[in-house]
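Report on the following structure.
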């Protein structure tokens, strides 16, 4: 995917129209929790993006974003994985579309664990095994591979946006490795 | 929920605006598969709505519809259950938001098993136990309680809209009662 | 279920034979995480048994135990629920036999998060909504209804047997209420 | 794994002891449904073993078998995959131990869809992606890669042992490709 294609994607709905729709309809999202597996197949590390946020602060995020019109969920997940992790990450799409978790982001705090002042979004969350080299792009400074203990820690939780630490912990629990 | 409330809901986005958005963004949907359980807890019957369709023909459908802006998934599911099954159905909301199946409806045939010429929709599908009396409303003529064999049959499949027979079968499989 | 029936159950395999088999084969277990739901269907409290352990110490445990020969999983789960929570607990059997978690207990420490020096057991873990009155029996001193924060806390974790705090947290994550 | 190791495994409990336990306790099983994926990540083919059965007849079966004492579930699944598919099949262990289906085999017909006159077994069923070359061994004549339509057909169902066609269909439903 070239930068031109990304630009096109970014502009696929013009910002005003997107901002308008975000106040009228829930937006469909996908998230991927990047993981690395050991020889026995068990997940040993999970990957979190470290980013400059809109606010200028630094913070951590999962892979993911909007599903576009007419775009299958798997395609959207792999598009965001490429966008966030680079073209050599070699992610594996999920076998089943049943997510391990559904995160409801509301533009009002405390309705759910997930808060996003821009929008109401319904995010389908998938485990995303990657076996290649990750080279974060755009505004991502790094992708850090954390142990389950680190990923579930309060320190990391404080750095995560929008309550996404709950998605990370739900993913670790699904994988049987939540400390 | 009174008819006035339903009208309001229908008009909550005006039809033109909704039609416009349906061509720009995936729409978030919920579906419920109404079920009745036996004494041992195993599901014995599943309920399908029998309706007059937009085309004037008769057809079968699952409970469900759009999730509204700022509406939690469970609330949307129970709202559609009340709308489709009447106020005395006594449905039970799902324990977990993890759906048993995700149905992707596309406005183009053969992209997925689900086709809806009006829209691209992503539907989260839940089992919906009901213990009360169902009295279908609006354009629904009846709610028929079918055995697993009937529900999975080709005869019923032919009557179902938008490929929803695949959701019914996925639900039966999840419940361990697919023939 | 009368006390006689329980005695029969306890003696259904004589202790020596059971002890022998426990060193030759994995034992099939079921666990139920008792929950109480709020008006919106979301789980608000989880129930943990407080017991005198074999060691004479006090500790916390989930509902559950062995599956008997020729006993369906749902029957085993409801039998243990009755045994642990009393006959008026009114538990609901799971809709699907797919567990939210599988716990592998090994008689060796650190093979998995679950350790039971008596046996290798494979435990299928289910959410168990109860709406009646729980009156713990036998060696259980109480059933305590905890908030998600309490149930996931380190204090409670220290009181739980066999690593079962990981099952509790996996259950909370599945229900979308892990802090 | 050499033939000697297999012999050892077969004899790990002597046949009389195993036959005895099979009438006293539920036996823990694992099943793998071998699958091949297309470029978009969606499963396109499922693999079924074609075997000479104990009765001398021919029939189809899933990969799988008993879990041994002190053996983790993933290890058991990969051991049976190697045993049934050969050492070059390159199967991928499941990310999560949560199975897509739990099959209860009873030694009495019609208690569940699964019947095995030898035993009561509780089988955890997993999707098993394979990317290598499968060379069935022992009493397996072939591994046939079937389309979803073929795998779900009545013709194949008639050839399957112990009611395993229900596991195949539940797997296809979980993968979103049940016809």
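Read from first to last, the chains carry the letters A, B, C and D; within each, the first residue is number 1.
Methods note: contacts are C-beta pairs under 8 Å (C-beta built on N, C-alpha and C of every residue); 3 or more make two chains touch, one makes a residue touch a chain.
Keep in mind that what you see is a predicted model, and the values were worked out from it rather than measured.
Remark: among chain pairs A-D and A-B, A-B carries the greater number of C-beta contacts.
Looking at which positions face the partner, chain C and chain D present mostly the same ones, since more than half of the interface numbers are shared.
In whole angstrom, the spacing between the mean C-alpha positions of chain A and chain D is 34. Rounded to a whole number, the gap between the C-alpha centres of chain A and chain B is 28 angstrom. For chain C, the set of residues touching two or more other chains reads 72, 97-98, 100-102, 174, 176.
For chain A in complex with chain B, the residues that touch the partner chain are 13, 17, 21, 23-28, 67-73, 97-102, 104, 106-108, 111-112, 120, 122, 124. Within the complex formed with chain B, the residues of chain C that make contact are 35, 37, 40-43, 72, 74-75, 78, 92-98, 100, 127, 129, 174-176. Across the interface of their complex, chain B is touched by residues 101-102, 113, 166, 169-170, 172-174, 176, 178 of chain D.
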